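Next up, some structures in structure tokens.
What follows is chain A paired twice: with chain B in the first complex and chain C in the second.
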Partner chain A sequence: MSLWCDKYRPKTFDELDYQLQQAELLQTIVASGDFPHFLIFGPSGSGKKTRITCLLHALYGDGIQSLRIENHEYETPSKKKIEITTIGSNFHIQVNPSDVGIYDRVVIQELIKTIAQTRQINSTEQRAFKVIVIVEVDKLTRDAQHGLRRTMEKYVGSCRLVLCCNSTSRVIPAIRSRCLAIRVAAPTVDEISGILKKVATIEGIQLPVDLANRIGEKSQRNLRRALLMLQSCATQKVPLTKDQQIVEPDWEIYLRDTARMIGEQQTPQRILEARERLYELIAHCIPAEVIFKGLLDELLANCDDLLKSQITQTAAEYEHRLRQGSKEIFHLEAFIAKYMCIYKQHMQSMAAGLDDCFD
Partner chain B sequence: MSDIRNFFKKVSTPNKKRTRDDSADREEITSTAKLEQKLSTKISKEKIVSQTKTNINTTPPKKMKTKETDPIEKKKHLENYKSFINRGGPVAPGSKVIPDGEKNCLKNLTFVISGVLESLERDECKILIEKYGGRVTVALSGKTNYLIAGRESSEGKLNKARETKIAVISEDDLLELIQTRPGDEGTPKKKVSTTAESSSMQLKRKSSSTVSKSTDPSPMKIQKKSDDESNLLWADKYKPQTIKNLIGQQGEKSCVQKLIVWLRDWYQHHGVSDEKVKAKSSFGFNRNENPAMFKAALLSGPPGIGKTTAAQLVCQHLNYEYIEKNASDQRSKKSMTNLSSDTYSVVNLANKSSTISKYVLIMDEVDGVAGNEDRGGVQELISLIKRSRIPIICICNDRQHKKIRSLASYCYDLRFYRPTILQIRAGMLTILHRENIENIKQDVLDEIIQSCNQDIRQTIHSLNLWSTHGTTNANKLAAKMIEKTTNTNPFELCRLSFSDELREKSLSDKSDIFFYDYRLMPLLIQENYLQCQPHLSTSNNQKRALTNLEHLNLISKAADSIALGDVCSQMIFSKNDSWSLLPYQSIFSTVAPCSYVRGHLRGMANFSSYFGQRSRANKNARVLNEIEKHICLKVASINKQEFNLDYLTYLNQALVTPLKMASQDKNVEQCISLLDDYYLNRDDFQTIIELNTWGKTGRNQYEQLDTQTKSLLTRTYNKTNHRTPYAIVDIKKLKKSKGLMDEESDEEQEEEASVIIDENTIEEDAMIKIAKNREINKPTKKSRNK
Partner chain C sequence: MSKKPTVKKPTVPAMFSKNPPSTTTTTTTNDKENLIEVKPKSDRLVPWVEKYRPKKVSDVAYQDEVVAVLTKCLAGSDFPNLLFYGPPGTGKTSTILAAAHELFGPQLFRDRVMELNSSDERGINVIREKVKKFAQFSVIATRSDGAYCPSFKLIILDECDSMTKAAQAALRRTMERESKTTRFCLICNYISRIIDPITSRCAKFRFKPLKDSIIVQRLQTICDTENVQHEPEAITELVKCTEGDMRKAVTFLQSVARFRANTVITAIDVQEITGIIPENVIENLYQVCHSSSYEKLATTVKNVLLEGYAAHQLLLQLHDYILGQMALGNEQKGIIFEKAAIVDGCLLDGADEYLQLMDFLCTVMHQLCRS
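This part shows the complex of A and B:
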């Protein structure tokens, strides 16, 4: 028994449900036997890695599914030992160099080079190249990205890179230009509800259309989350109803409550309470950008239209600073304080205006 | 050290006394003197050599030249010169006490120095004689009164002296001469406490009549002393001379009393037996109960409260000789070993002469034994303590230093605490009285003492400084000035930075708070600025309360500035070359936010919660990483962050919901099969639940399960084998095996790690062969990779 999102994950191009045109394109590229480096990007839960698996399957066949975990150990120039885990089959290897933080350059240099330098012995039975999948390329340090540049060109005969990331904005142009960039857009709500229905029928559950649409919206067009939501709904109450409560991730609920708290009352004391809660979120490894976004969404929903642009601008400014700085909590707190200030001022001027009207 | 030297000058003694004075400057003086001597001797070598050979009164230069032409003579010259070069300096430089004589007591006397004297360099001797009005010439003549002969003095001169009946005297005779001869001004010098001289036991210490002010009846003496010491710092001038003068050590149970008892009995406990006495290292509460078992004592406490002085005075009090080593000496393992052998020789010597029997080694500033130069010093000190035959007193500031801790278990632990203000005040008033300063107010004095953090030495220095500028009006100013130099803790600084006190201060004063600790202060400010109740500027006297909105406005500005400060610090630390930005950061992180919300803190300043939260986040990131590693085969298309955001809640739900329903085997099995499917183990299950617990009041779902279910889960889980594609590392086992079979276990793990997990595809195609081959090849390949 595994979760539905893993159970019904497509394994070949034929099983894909959306962006079929793109799938076809990929299929033709692979069928030609050779392809350039890929840079696959898109929001989370849109099926980037599913497409990579399909690609690998089309290249190498079922052998791609016998996976193993390997531990590698490297030594940095400063004699620090770093360990990294890779997942691989006989034909490909998947690595996340950003696991080792600032030492990712060492991984790029050592691991990828060694793989790239070894040629396949009998290229008649297999492809002439191996595939290296690098995930979270946008989290690589600049040094690591530069380390990747030359490797990509030099060993193009013996390996192909498939880079995977959420956004290309943090990938240096030099790498972007060396790859065929493929954007995997998030599925639309309709597509999601279609998939949900398909899954529900296989599982033998009646899924009302309204609920499917609601899940699609709640999941923020994240298919993985949508499937997880559906399953949790199904475990709660078996005949699914239209107005059934959808279980959301805990952190989202917690974040929303925090935002609501800030909206309710604007006092220094509230900032302190909010700080506690923000610390809690950060301690649960929720990225600060996600916190920022969640807060802003919720705060905007509950404030006057006149303020929206101003508050969004403030949020953008502090989010920018957050990326420049290192201590997330400072920036989040500054944003909250600013928001409270703007909101309170607006409310007071509104109240004054009302008083004027009555006078 | 300086007082000891003074003491040498003051106490007159004809006796030979071997002391050890290791202060650096002293060594320097002798070494430079040696150098000078060598230079001068080189220049005049021909002259001297010819003198020794020819026995002629004066050596004309011409003759010398002719002599040089003779090859045999030349050879002799060379040998003489060689031996001259190699004859070295005084055997025991500085070992003798140079007496104070009457002025011009050597007037009209002419001396000739020959050979190497026992303790004085030739130059020193010359200076000494000239100081008392004597004359030193190179060659003997009719006018010469005395020939001072040392080791290897020239035969010629001695013969000549015998011929002309010039008195040949030794170095000691000279010293006695200086001491006993009457000066030109009149009466022979009254010997300083003849009793002290006669009893060699008291040689080294300051006899009460010479130094101790409080007991000295003669006003003349005081006058003389202050003449000598008018340029001394007060701290040295008024250094306690007897145990009774020590501040804050008068009680029955004071450290000094304990030290006296310990030291007094030391030779009874340890001195008798020649065999090696093991210094027992004992732990527990009662280890200080029995001081007799320790061979060394450790005095610890903050600086400036008289630890060194106490140690010295106690030695003097008990008539023990002491050898002092401090941080100015090199104290590496090697030099420490030398020291110990030296000490033995000292002890042996003492036993032979049996005049002075008891020695103490004072190791000052033991916590300064650090760094490359003093490598192994503490270890050597410990072993020195173990085999020492003399008591050792170690002195340090930081009792908790990790190097000291190892030492402390071998030592009788005596902790010195700061004396109370009252105690210091009494001592200070005495000093001020002696200096004829009466106008200081008691509260100002108290303030100075407090601002010096009850450090006696610093208080005296401050008073000294104050007295030079001192007017009555400057009282406050002086105290303020002193206040600057003292340390306060970061919390106090944090409170201060928000307080109104700083409102009128200069920008640099404000940013000084940041530079107290530029890593910590921004965090403390950030933690506490919300707790601060801002006051409106005092300039407009309206005592109007701040409106809520205004308060929020200020806080927002402060928060904004703090955030900018963070950006600033990131720039500094990420590139590590923009340290010039640090002053800007001080403005953004400390000065500006404090200025915005200046007022008073409600409640005490808290420590920053950032550290705790960050370590929590790091820990969670680590466990998430671990789980992600386990699960990654099944959900190959995921990274840690997405797993955290998407999966975690639902996985948790899927795991716990069946368990919650009822304690049925089927439900438990369902849970376990899910775990197995994702290659998760029992620990991961618990971690997942912990990661899903929110807030302080958050409920841990696992703990809410009833115990029956929990035990059933554990039982069922342990019953079956669980295949995992990763090696489960048992930390306890790993630690055990680490020492024995380090490499072996590593290899095992590697093999385990490379076990291929074949899916159901295994029968389907011809891959089997290849896969198997790979499996065998795997380890070798990996080693190549490495």
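This part shows the complex of A and C:
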């Protein structure tokens, strides 16, 4: 049994469910036989990869689906060996250079340049160029991004790059100016519930409208997540009922509890307890920025408007520091301590104000 | 441009170095430009950015000082070490490549010019060995056909700002000592990343962002040669969102032209493809700030980010929008823009977009509600 989000992933432009206008645009560009470098960006679960596969399919046909995995090994100037895995077919190759951390520059310089330099042998039957898909471009270091610049221009005859990222903010302007940027917006709640219904019908399950809408809202407009939620509901019990509980990921509940704990009591003791819980979350590979956002959301729920902007500001500040630092726990803990401090001060000044009134 | 492989092994069989003469009709009209010659398959497959890259120094638009100096150099006067800097898409690389081609001609170009960019390894070792060795060769002042050509070689170091300080320092003496046989041309976006001893050894040229009228003119020429039909507003719109970046303008123009093949291009098509955030999204965000409700702001920001708009672009456009708001006093604008600068820096460092945007908009909200 495969996951529904993979099973029902559209393979051609005709099967797409939303953003049809954009799909049409991509189709016309591809139909002309050539295209510029693409920079595809959008939030996760909005269908960036799906669009890339559709694009490749429209270009090269079914051959794109016979994938193989290759391992490459390179040596950095400091004689350190790095390994990277690529997935590709005869026509394209997909690579995630940020897998190798700060050595991504070497991958860009070696791997991508060698691919770009080789030409297709039989260019009458195929396209004259290959496609290199680079994912998580926003995680690339500056050096690696600079390394892409001339490669993109020089070898434009033999390869095209499709860059995929969550946001263009972290992509240097020089690369942005070389690409055609395509924005993939997240599907709306209605679109999600429509797709859920479609999937449910194919699977032969009755899906109540209410439940579909609720999943749509819970998924935070992330289609992959919505489909996973639907599938877990379906494995829980069939037939689905209107008021069925939607299973939430454990870590979300855990994070919410942590936030509640912090909100209840502001003592050094609590910080220690919260620290343990945060360690637990980090150990389960929950990204720090997700923890930050989750904490902020929950903590602000029982705060005055006055405090809200102040706390948001501290959250932004500490999250920024976290990016520059290396150990996540320090910054998360610092944020919690700061929150407690602000909150308590506010409470005390309120209490003092009240006392004044009584005097 | 398959210059690279041929530089390394000059004895490649002809069929590999260039496309075989093959069945395609006569190779493109640009016979001596090996920039374009390598892709003779069909004109359409050449990106316009490459096709319309200036081929002579005199073709370079708007950068008068550089052009003046280089024209003199081409006429035979002394050639200084050069340092070009300026924002992307202003023609830095194009200028020096064009100059090199004019100086050395197509045959000598490969022997005399060494182009290193950040896609090549450029640590201190490469500078010490590869660059130094190349710089030490001396060359004669005649071409194979007897014509005059300058008796030096050219090393182009593109994207210098990504070179390490140590590598730059290693260049210092090399630049001076080999000045008899070699000229350097360094290209970068930010001159502040180049160490002082290097800048003082070079003639510096700043490449200005191109004027709108000049981009319009070029785009017009391209449209005429490529038979692209368009409304006049489409070009104006295109120029507006490129901010003096010629490459961006041409890339966009080609994309729009492909998308709307055989029809008249309108301003709306342009907007669709350039990824500018619609005005009403910005306006909406600003209005929400007026409401002084944190929850409303949070949901709006979340939705805007889910639409896929980049926080950096949002910040830029919000900045422009707020600048035009008469309701805000100078002091308030000052506070807001100071925050904008901080947030911009944080975003570049890779901080979370939602948190940073919320931080910025909270400041805006605070300032708005104070007035």
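Simple rule for what comes next: the second predicted complex is superposed on the first by the 341 of 359 C-alpha atoms of A that agree within 3 Å, B and C clash if a C-alpha of one lies under 4 Å from a C-alpha of the other, contacts with A are read in each partner's own complex, and residues count from 1 in each chain.
Heads up, the rule we're going with is that a residue touches a chain if its C-beta (ideal position, glycine included) is under 8 Å from a C-beta of that chain, and two chains touch if they have at least 3 such contacts.
Computed from a prediction, not measured in an experiment: that's the story for all the values here.
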Touch check for A:Asp250: first (chain B), second (chain C), both, or neither?
first
Just chain B (first), just chain C (second), both, or neither: which does A:Tyr155 touch?
second
With both complexes overlaid on chain A, does A:Leu300 touch chain B (first), chain C (second), both or neither?
second
So, does A:Ile202 touch the first partner chain B, the second partner chain C, both, or neither?
neither
After lining up the shared chain so the two structures overlap, which partner does A:Ala352 touch, if you call chain B first and chain C second: first, second, both or neither?
neither
In the superposed arrangement, which partner chain does A:Gln324 touch: chain B (first), chain C (second), both, or neither?
both
Given the touch rule stated above, what does A:Pro43 touch, chain B (first), chain C (second), both, or neither?
second
Pick one for A:Ala316: touches chain B only (first), chain C only (second), both, or neither.
second
Do chain B and chain C land on any of the same chain A residues, and which?
324
Chain C partner, complex, touching residues on chain A are 25, 28-29, 32-36, 41-43, 46, 77, 108-109, 113, 117, 119, 123, 128, 138, 142-143, 146-151, 153-158, 167-170, 173-174, 176-181, 183-186, 220-221, 289, 292-293, 296-297, 300, 305, 308-309, 312-313, 315-317, 319-320, 323-324
Within the complex, which stretch of chain A touches chain B?
1-3, 6, 9, 44-45, 48-50, 52-53, 61-63, 65-73, 85, 87, 90, 94, 96, 99, 111, 114, 135-136, 222, 224-225, 228-229, 231-232, 235, 247-251, 254, 266-268, 271-272, 275, 277, 279-280, 282-287, 290, 318, 321, 324-327, 329-331, 333-334, 336-338, 340-341, 344-345, 348
Quick one: in the complex, what on chain B touches chain A?
526, 530-531, 548-549, 551-553, 555-556, 558-560, 562-567, 569-571, 573-574, 609-610, 613, 616-617, 620-621, 624-625, 629, 632-642, 644-651, 653-654, 657, 670, 673-674, 677-678, 691-692, 694-695, 725-726, 749-750, 753-759, 761-762, 764-765, 767, 770-771, 774, 782, 785-786
Give the list of chain C residues in touch with chain A in this complex.
1-5, 38-39, 41, 44-47, 49-50, 87-89, 93, 117-121, 123, 125, 158-159, 161-162, 189, 245, 247-248, 251-252, 254-255, 258-259, 261, 272-273, 275, 292-294, 298, 305-313, 343, 346-356, 358-359, 362-363, 365-366
